[in-house]
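Have a look at these structures, which come just after this line.
One chain, chain A, links the two complexes that follow: it is found with chain B in the first and with chain C in the second.
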Partner chain A sequence: MVESVAVPISVYRYDPARDATPRYVDYSLDLPRHTPVLTALLKIRSEIDSTLSLRYSCRSSICGSCAMLINSKSRLACQTQVGPELDLHGRVVVDPMRNQPVLRDLVVDQGPFWQDYERIVPHLVPDPAHPMPEGKPNPMTPEQVDRFYETPRCIACGACYSACPAKEADPTFPGPMALAKLYRFVVDPRDGARRERLLRIQPGGLWTCLRCHLCTSSCPKDVRPSERIRDLKELAIHEQGATEAGSRHAVGFKENLHDRGLLNEMRLVRQTDGVVGLLRQAPQGLRLARKKPELLKKPRRIEGQDQVQKLYELLEDEEGGA
Partner chain B sequence: MRLAYYPGCVAQESGKELDMATRWVAKKLGIELVDFPNFSCCGSGFVDEANLVLNVALNARNLSFAEKAGLDLLTVCSTCQGMLSLANKKLELPAIRTRVDTALAQLGLEYHGKTKVKHMLQVLTESFPPERLRPLVVRPLTGLKVGAFYGCHLLRPADELGWENAEDPHSFEDLLKALGAEPVMYRGRVMCCGFPILFVKEGVANQIAGRQVEDAAAHGADAMATPCPLCHISLDSFQNKAAKAVGHKLDMPVFHLPQLVGLALGATPDELGLPRHMVDTDSALRRIGTVAVPG
Partner chain C sequence: MQRHDVLVVGAGLAGQRAALAAAQAGRDVGLVSKLHPLRSHSGAAQGGINAAVGAEDSVETHIYDTVKGSDYLGDQDAIEFFCTEAGSTVVEMEHFGTIFSRAPDGSLARRPFGGAGFPRTIYAADRTGLALLQAIYEHLGTEKIHTYEEWDLVELVFRDGRAQGVVAYNRRTGEFEGIGARAVVLATGPAGRVYSRTTNSHSSTGDGIALAYRAGAQLKDMEFVQFHPTALLESGILITEGARGEGGILKNVSGERFMVRYAPHVQDLASRDVVSRAIVTEINEGRGFPGGYVHLELMHLGKEKVESRLQEICDFARNFAGVDPVTEPIPVLPAQHYMMGGIGTTMRGETNLAGLYAAGEAACVSIHGANRLGGNSLLETLVFGKQAGIAAAAYAAGVTNGTVLPSDVEHAAAPIRAMMARTEGAEPLPLRAEMQAVMERRAGIYRNDADLRAGFAELFALRSKAATLRVVDRSTVFNLNVTDALETRNLLDLAEVILAGAIARTESRGAHARTDYPKRDDAKWMKHTVAGYSPLGPQLSYAPVAYTRWDPKERVY
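On to the complex of A and B.
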């Protein structure tokens, strides 16, 4: 017999049709430490309060239905055990996912999530130059498949979308899942729309990613969206050059280091945003420079800068996406 | 203890107060910092977006100097920590390893992946646990409520940084307690400061920074503290703009991590470069019985 422990659980409850504001309801259950949070919630629903609303299905981290906030982390409830949460927080607090409107209790409206997904055209676009062989397989080499072996693992649970601070601050940002999926089509050798995809996504939000890696931390399937977004940025620069503020900043930063090896902060503002941008930042720059006069000076040139420049020559034409 | 000191660009330039505080604290704790005038910028998470392999090579070059000297490397910036750790991780991939090794060989350099990269927070946690640090505290930060702000790249991706729970970390709060301060727990402590898009989508970046400052304030913080000078730019240097973006007045002193350690170990505000901050730190200093002399 596995020993049970007392598990205090606070659950977010809200029915927009009846409640003026959301509230937390506290429950206490006796459960073995390895009990999944989902099991605890279903126990509450079957034994204490049958009105608790939540989404779930497989209970095996496959369907992606039960993503929610568990002690502020975006997680699958079926994959998160109560024991470690008690150790860290002394209780389990359950909220609905962020960045999506609450329909009731722990159930959110996933409409925006799927609309953002549709924006990236999530299917292969046939390449007229290389038509798919009819009735036959269209084989890829292991190397080609290796480039995107992580992304098909995605179960579209929305945990990354919920964890994303860029999505929270800028609703036009498509979110990590859509961008990870976009990467998957961009590097698929059977897809004929690679260039259009890379051109369209740049003004469409690619450069809003903060690369905070909160998506990668929250992903239950280790899809690593933040790394795929990084790869997309490099591919986009290769395809189109530095045309957006974001790509100008990345390429400008790289060029910035070429001369001295350390960042010239003021020069970078000009590289990203041109003279107009520099003028726009001037009042703030001057305000800062009063206390931080280094801002107006060039950095020192590091010793061995010729080595750095040689690395640029040797690796200038590399395309990463590794 | 001897460590190769990797200050990063900002601590040598507009965030010089971080370098001042780091050197003061290291000296006090008997950590010998070895300078390497040939260290370049880490790429800051931007160069890799333009050319990943080049960025790994730049950092392999940096790491090779410490390796040759037989030293582990000390960072004082979450982003430097992240980028140098990323290089070590990426060099485990044979395709990248070969390209980088070949390029380094042409410079007469080699790197075998042995340099351990440690942020000051990790060094303090591992080598100066509370029982060792507490007796050195001459000015306990008693009464000061501090919201630790970790900075993304010190924590994530967890398998690259790999020394602390990325979403429920506690090393910074443990350190604050050892210094006598009262840590404030709030969601924003593991969130992004907005810096990576500060010059790309400024309004969004300011709003993100403002939310974290508001969050810390709402949980009772008198001050925030960060192990990352880029977070410091977002939270301190641009706090005026963050306040506009969230539509509230903000007045939150933001310390660099070694500044708080220095204050507790007896440094003067001037020695730690506190007058260089954009948001006045006096309100916090008054709580611990010291006030900055105007610089």
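On to the complex of A and C.
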């Protein structure tokens, strides 16, 4: 038989009907090391305290119900084993997901998450120029299917949404899941609204992404939302040009490096926010001039700048060829 | 009270397809589910959906394979309709946005599945259910439908000889509420959780089947329970038949590919009941691995193929069993997987009760007879979900509004409130676990009279405990203990129907394998079991199998 170990588990408990404030309740269970956290929580429900409330269904990481914070990381309880958690943290601390109001215990209100999902028009929009072939499937090559990357694997668990600092800072940001879903429609050869989708999302929050990649590291299905957000940014600039502060910043960054190999901060701020923006940042500029004046100087061309430009050329060729 | 023309309960593939059909027919549609629609158990289906679209294949062969797979208990007229609809159903789902896997020429890729004459199973990697569920949900989003998300079904309301709606429990508020409807469609899925070892989700508790049964609907063929041959040893998590479709093989403790002995022609791809029994026989005769399991090997397929075609399986094996299928065998054992039986319906989803319709795994048309073929269940949800939605919409057009009275709500809520008021009595979850152990021990893959009767007696004792069921949680917000109690009550009823049908059926057919009656007995038993509710227990009667062209033959693979 597999040996059991003592597993201390602290679970966030809060029932708005009776508790003034949330509290943690400690449980101790004897479990084999490879026991999923969900199994531990269900054991608490069936053997210790059946008032513990949480969402769960499939227990095999396909329904997306049991996303929560386990030792401060957003992930699925069914997919996280207790052993490695004990090794790293000595115990298992379970909290509800972030960026969504707590309803009770580990159950959060996913209303905002689903509203953000709805914002990206999550269905195929018919393309009048290319109607669906009558009685036949649309032809699509394996290569075209590959262009979805892992986005069809998304189970809408919300772990990325919970982990996202951009969502925390700016509630109007749709969050990683909705953007990964948007990408799924943008690359779908059957969709008739590709351009509208890309135009709409530029001012609609695409550039709020901080590129921290916490969504990708928290995703239980390896959907890699941050990489798809990067792809969307490229596609959006390609479609519309750099129309947002975010996209102008990205393009400016690229041009700076291309021309000099180093950033020209003055130039980059001007490129991103225009002359008015530059003036608005004057106080910050003055502080910078006192402390690190070298940053405000026009940088010299770095040694081997021609190599950088060659790299750019190669990358652009590759992009054009793809 | 909320009110709709058509109220669909259950938001998996069958429920959403029914809701779509009813909305397209111009009806006002409500959709009730205890889960967000995208969390439905349809999403866990891995392998694929059958449609005879290949040049070498034919609808005729699909029909024949399904009739044979059903061990001649499937209704042949329904199977003919079902297989004929397959091609257009798959095309429709593709047009809704399903991202199917593709062949190099751009057509839909197909893989071979157990019991099929040709590679007939269209798939989306090994997450076909999820791909279909996403697409139908996306498409349904273009219709105006009112969704009651995370509401538990408590009671069906009938008056004046027809359905009037339902009473449901709103988890968010803790309120019991009536929802009136002219027609009700039940698409609440299976009751796999009557067993402890099941591939089914925790939510698969047969709520709609049990409530329909108590309301007077006839349940059909409930003793036919499919055990999937390959579920992970400890957790019972499903390893798709697609793994064997891609070339995976089963081996016993001496490294022997034992399926060669049981099904010389198709070996590891024999029908599910055949493979499950073979595994249990190997283990019972001492050829299993210590602890009682066999190996599923994928290593010989190579890293590339395993990781691209069986991506989810790789994750499952790595995360839930701690083995890497690229380099190691996967320890597997059969587990309850599918219920061929359910609420008896016509091909249009009609039950014996006016205004009540059913579809998907909650229903029994019957397509699958005594044993379902892989790839036919996803197809069933869509084909008959649509039919039930159309029929319910047509019925709703011809009747007046359904009304759920405050007294109906009180009638449904009173027993639960009594459970919440109790300070002593059995708790739902431990009682459920006891029931699951009984079913696992007494009504598994191999059955016999003595075991089944003992199980019936044990269950009877549990049912008397259930009379004093106690809900410990008194909260009004996300009180899952109320859900536990509702589900346990439902599961207990259905466990009893399964046992009653299994005791009575003194033959072996498809998934129902009796060691004391090892042969199929067509003269006596080529008929459907029909179970009706009575306070004393299930009342069994029998109905003929619809028969068109295929004479019963011995099932050999």
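What we mean here is this: the second predicted complex is superposed on the first by the 304 of 322 C-alpha atoms of A that agree within 3 Å, B and C clash if a C-alpha of one lies under 4 Å from a C-alpha of the other, contacts with A are read in each partner's own complex, and residues count from 1 in each chain.
One rule holds in what follows: contacts are C-beta pairs under 8 Å (C-beta built on N, C-alpha and C of every residue); 3 or more make two chains touch, one makes a residue touch a chain.
Values in this document were obtained by computation on a predicted structure and should not be read as measured data.
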Quiz item: Overlaying the two complexes on chain A, which is it for chain B and chain C: clash or fit?
Solution: fit
Quiz item: Which of the two partners, first being chain B and second being chain C, lies in contact with A:Leu268: first, second, both, or neither?
Solution: first
Quiz item: After superposition on the shared chain, which partner residues are touched by A:Arg98: those of chain B (first), chain C (second), both, or neither?
Solution: neither
Self-check item: Which superposed partner A:Phe253 touches (first chain B, second chain C, both, neither)
Solution: first
Practice problem: Please state, to the nearest 10 degrees, the angle that the Cα centres of chain B and chain C subtend at the Cα centre of chain A after superposition. | Solution: 140
Practice problem: Look at A:Phe148 in the shared chain and tell me whether it touches chain B only, chain C only, both, or neither; answer first, second, both or neither. | Solution: second
Quiz prompt | First, second, both or neither for A:Arg228, with chain B first and chain C second | solution = neither
Exercise. Classify the contacts of A:Glu303 with the two partner chains as first (chain B alone), second (chain C alone), both, or neither.
Key: first
Self-check item: Partner, of chain C and chain B, that touches more residues belonging to chain A
Solution: B
Practice problem: Based on the superposed arrangement, let me know which partner A:Gln284 touches: chain B (first), chain C (second), both, or neither? | Solution: first
Exercise. Look at A:Lys167 in the shared chain and tell me whether it touches chain B only, chain C only, both, or neither; answer first, second, both or neither.
Key: neither
Exercise. Check whether A:Arg197 is in contact with chain B, with chain C, with both or with neither, and answer first, second, both or neither.
Key: neither
Practice problem: State the minimum pairwise Cα distance, in Å, between chain B and chain C in the overlaid complexes. | Solution: 15
Self-check item: chain B to chain A touching residues, read off their complex
Solution: 9-10, 12-16, 37-41, 43-54, 57-58, 61, 90, 93, 95-96, 99, 102-103, 106-107, 109, 152-153, 155-158, 165-168, 187, 191-192, 194, 196-197, 199-201, 204, 207-208, 211, 237-238, 240-241, 275-278, 295
Practice problem: Note which residues of chain C are touching chain A in the complex, please. | Solution: 35-36, 38-41, 43-44, 88, 90-91, 94-97, 99-109, 124-125, 127, 130-131, 134, 138-139, 141-142, 172, 201-203, 235, 237-238, 311-312, 315-316, 319-320, 322, 427-430, 433, 472-473, 475-481, 484
Practice problem: Note which residues of chain A are touching chain B in the complex, please. | Solution: 71-73, 88-89, 165-166, 168-170, 207-214, 216-217, 224, 226-227, 230-231, 233-234, 237, 245-247, 249-251, 253-254, 257, 261-263, 265, 268-269, 272-273, 277, 284, 287-288, 291-292, 294-295, 297, 299-300, 302-305, 307-308, 310-312, 314-316, 318, 320-322
Quiz item: What does chain A use to touch chain C in their complex?
Solution: 15-18, 34, 36, 42, 45-47, 50-65, 79, 81, 103-105, 107, 110, 114, 118, 122-124, 132, 135-142, 144-145, 148, 152-153, 155-156, 188, 190
